[in-house]
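Sending over a structure as structure tokens; questions will come in a sec.
Read from first to last, the chains carry the letters A, B and C; within each, the first residue is number 1.
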Amino acid sequence: MNEQVTGYWLATLLQPLVLLLAAPLLVGWIKRIKSRLQNRRGPAVMQPLRDLRKLFAKQPVVAKTASPLFRAAPYVVFASTLLAVTSVPLWSIWLPSTTVADVIVLVGLLGLGRFFLALAGMDVGTAFGGMGSSREMLVSALAEPAMLMAVFTLAMSAHSTNLSSIVAFNLDAGVVLRPSYLFALLGLILVAIAETGRIPVDNPATHLELTMIHEAMILEYSGRHLALMEWAAQLKLALYGLLIANLFFPWGLAERFTPLEGLGALALVGGKLLLLGALLAVAETTLAKMRLFRAPQFLNLAFLLTLLGLLSNVILESGL
Amino acid sequence: MTQLPLLEQAILVLAALTLLASFSMLAQSRLTSAIHSFAWQGVMVAAATALVAAVGHAHHLYLSALLTFSLKGLLIPWMLHRLVRRLNMEREVENIAHPALVVLAGALLVILAYWIALPIERLELASTRNIIAISLAIVLLGLWLMIARRQVVTQVLGFMSMENGLFLAAVASTRGMPLVVELGIAFDVLVAAVLFGVFFFHIHESIESLDTGKLTRLTEEEPA
Amino acid sequence: MSIAPLTLPGMAILASLASALIALGSGRAPWLMRGLCLPLLALAGVLAAGAGVGVLNTGGAALTSLPLGLPGHPWMIALDRLSGLFMLLIGLVVIAVSVYAPGYLREYEHGEDSLPALGFFSGVFIAAMMAVVLAADAFGFMVCWELMSLSSYFLVAFQHQHSANRRAAFLYLLMAHIGGLSILLGYAVLASHGGGLGFEAMRDAALTPAWATLAFALAFLGFGMKAGLVPVHAWLPEAHPVAPSHISALMSGVMLKVAVYGFVRFCFDLLGNIQTSWGVTVLVVGAVSALLGVLLALMQTDLKRMLAYSSVENVGIIFIGLGLSMVFAASGAPTLAALALVAALFHSLNHALFKGLMFLGAGSVIHATHQRNMEQLGGLLRRMPWTGLFVLFGALALSSLPPLNGFASEWLTFQAALQAWSLHNGLLRSLIPITAAMLALTGALAAACFVRAYGISFLGLARGKSARKARETGWGMRAALGLLAVLCLLLGVLPTPVIQWIEGIPRELLGTGLPHATQHGWLWLTPVSPATASYAPLWLALGLALAWGLTALLLRRGAVRKITRGNAWDCGFGTRNARTQYTATAFSQPFGRVFGMLFQVDAGLREDEGGGTPRYLSQVSDHFWGWLYAPVARATLLGGRLASHLQSGHLRHYLGWTLATLLLLLWMIS
């Protein structure tokens, strides 16, 4: 019993560390695949990690007009994202960290990070920062309800908002095809694309003034502040990947954490994430970025899908 | 839900995907993409039919699945596509007024359809009620597509997708109609598609557009 | 410790009345205000909060009759858990306001505005609100209710030099009276069936469903009008901003909650036997109010008007909770009804705290800059760091972000909504998730709204001269903000003790509490059962602090600790000044485009009359003015014109009408 408890806590403490390492690698992987698809060699998979290391070693420059909030924001963004990532089941279903926060809290934590990110964008008083903040809040205001609807669909099936319970429920049910899950999955994918600033809503590679959203907010950051912001963004991408992979395709997760099973689960999850990353790269290569006022339509579709999912779940599936 | 065998779940999911295709037709402003959505819808319906055939061991349904696939999945989309190409409308993007409202109204129609189907008792296949609900939603969405859009091609797509919905309902609830009837309907749809094509040409020739909003110019009275 | 339970609240009311009377003398001696009136108010607040805590802890409704009121109908007062919660709420905000007011009122001491009037009506207003919560008979309730409306009318009309304020106050008075009339009629229905004006008699009233529905409709209209639900919210964004800021805090933070109290008392306690259709009505109206309120808040550039619209939003959220509770209660799921009711009441308490905080914060901004328009503000965080910090807490709580209290209550509301699967009725099963979706959208838009408000006013560069000269306010004002901010954080991190208090209310009203709410210990909030959902806000807050601290610590040890200050990069454009920043209007413009169909946006180029430079103006207005208010106003005018035919100007005609009326009355009583 005692061993088990130690295992739990070990797994809980290790999870953020693993993800901190894995998230930049995932981004590197996506960049790599994208480059290959576009007939370029592309940077090494390790490159985002190297960038982070370099940024941490650089002296940050802060604008003279910045308030203390500007310097505090990267820490808040980073800490809230890290906490959010910790509360998602990675390699084992039942962990102490997953009972601290359920799925609504997870969305709330992401909201907290976004709140400070947007405030930081407005702090220095540049036009680009304000523009980025305004757009980010618009996109997220439309994406957040869709995300909640998607996870509510799962929660209504599992009769619980605890991520562990949801995963356990889906794992127990075995292979079940549900229309509502399908809608929720599609909606969640659209939300993930919008929230992590990928094509077609935002372009992570652009610094073209009028098209950027996320990059516009962190334009004034440098050195370790920038590194924290970037790292948080990478974590967020990994988080959404993890949500999609582990909520909808939970196979391979260990019921109780043991080192061996944990490693096996980790390998499986890693495989799923790599696959999702590759799919994202393909999508980004084939799609063109939308102009801003197309994004509401895109998110409207996501909201609609998730709403349909929820309704199908409530009306059609609970009757059976 | 968990009691359902996997194949029936697959039927349900295919039906849901069919509904999704209807939605994507509703939301698509690009003509060619809408035609593609329609083609996918045909494919889904065909696949669902084939699965029903497999579940119920109804062999004549394989034939209708094949028919549906070749007609609605391949032939009619191809014809529409060719037509659009010949009318130089490949890049045509229809301007939808209030796209969000159109789609939202679609969602309300789906809720309504679910509602109407709720009292239906469980039939032979446990998922039948759900499929009937979805088919009804597809029919309503098809009609709504015809109302909400002014492009003739989109209106035809709406009409055809209504037919898809009816077909799905028939397959799911009674394991398909007699083969003769199905052949007849398939032929009807084909003829309708050909006739529509001819009409397109004529409309396009006389008013140089396929926007039905402009057809009001044909009235004898002066527009107010 | 043999104080009768009603002694404390009675003393609280007496203290605020005494403060009102003493304030009358402050015209000659302004020090009376600071030296005696406001401390008395603070004392009243402490007494009220103490009484509330005591009742919530021990329970027990004490019923006493007062030697006041009509012959044969003595005023009854009682203090049960429900009253206790609202006493606590009133007390907390009153304490903060009376700590805040001395600094804020300093500039009024030498102005032309009448300080005695302000002090007098504030005292009466607070006393009336406490008395409404205590009243246990319809007569006393209505007298105090009207007293509350009237005294707040004078507070709204306080700066009556501006015609806009007079108009707002008149609109408020008008709607308050229509609402009051509606409530009176609702009580009349209950009293006629129950045979008495006392609440005890009304509880036993046996109503047919039709009469019950009528009573519900009247009460919902009346209390909804006071609470500011859409579509009868029009007075709220007009009236709340024009009062002095500490009064706005009382009105938005407390008075709206008194309306919520009235509704809960009327529907859950007196009426009982809740019907599903009522719940659905409340749910839908609440959801629409929440969504429209936040959207309109997002479009405002006036700081206090924005906050007033945000009150509409939050009242909407509270009524979503109440509606859910009614639906569950009517469908025979008392535990879930208790959960939703707890969520609604908890959100009432939370909203009182953070809206009080925000209005006081807005007051500080106005005090420092004399500017309510966000477009003229900016950069205040660097000039008023404490105010900025505390307001940031308020903004986070209002955006319902963890680990603050707004999130905790919204989380509970979501948990209640997510139990919809257990209902048998298919319509409800599909309706409740849709309201949950609207609630989610509301929350996200609220975050956008407060990012905008905070970012524009407190961050960036100062847009106007007044904002450049802003100074931090005095310690009293900061202390009041700090008190409320700490309470917001405390309730967010440790919600369980408060929820255990509130949980007694549904036990009294619905017969069940939340048996599993703290099954995992006091750190964990598990409203339904631990397997369904759990939230440990303290652990969450500690985790956040730990992650922040560790990151900062690790980075401190790095080679480059120092930070260079430089010019902003801004993509290399060198022409940055206060005018090139994003404005509040620019920030909300995309939202206006996306949600434009829900309200009216008039935007375009206007030429000045003097032939000056054309200006781009945009104005946002409610659809409801055109849909509801204008037709009603037109119909009233039309009726008035018809009635004016009676006034012929001849004395004999008037005498004839008098005779006719007399005959009619005689016939009726014969």
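The rule is short, and it goes like this: a residue touches a chain if its C-beta (ideal position, glycine included) is under 8 Å from a C-beta of that chain, and two chains touch if they have at least 3 such contacts.
No experiment lies behind these values; they were computed from the predicted model shown.
A centroid comparison over C-alpha atoms places B as the chain most distant from subunit C.
Chain C has the Cα centre that lies closest to the mean of all protein Cα atoms in view. Centroids built from CA atoms put subunit C at 50 Å from subunit B.
Between subunit A and subunit B, the centres computed from C-alpha atoms are 36 Å apart. Of all residues in subunit B, those that touch two or more other chains are 111, 114-115, 118.
Among the residues of subunit C, those touching two or more other chains are numbered 426, 430. For subunit A, the set of residues that touch two or more other chains comprises 296, 307, 311, 315, 319.
Listing the residues of subunit B that touch subunit C in their complex gives 98, 101, 111, 114-115, 118. Considering their complex, residues 173-179, 182-183, 186, 296-297, 300-301, 304-305, 307-308, 311-312, 315-317, 319-320 of subunit A touch subunit B.
Listed in rising order, the residues of subunit B touching subunit A in the complex are 1-4, 6, 9-10, 12-13, 15-17, 19-20, 23, 27, 99-100, 103-104, 106-107, 110-111, 114-115, 118, 126, 129-130, 133-134.
Residues 56-69, 71, 75-76, 78-80, 82-83, 86, 99-102, 104-105, 108-109, 111-112, 114-115, 118-119, 121-131, 133-135, 137-138, 140-145, 148-149, 152, 155-156, 159-162, 165, 207, 209, 219-220, 222-224, 228, 292-293, 296, 303, 307, 310-311, 314-315, 318-319 of subunit A are the ones touching subunit C in the complex. If you check the complex, the residues on subunit C that touch subunit B are 426-427, 430, 597.
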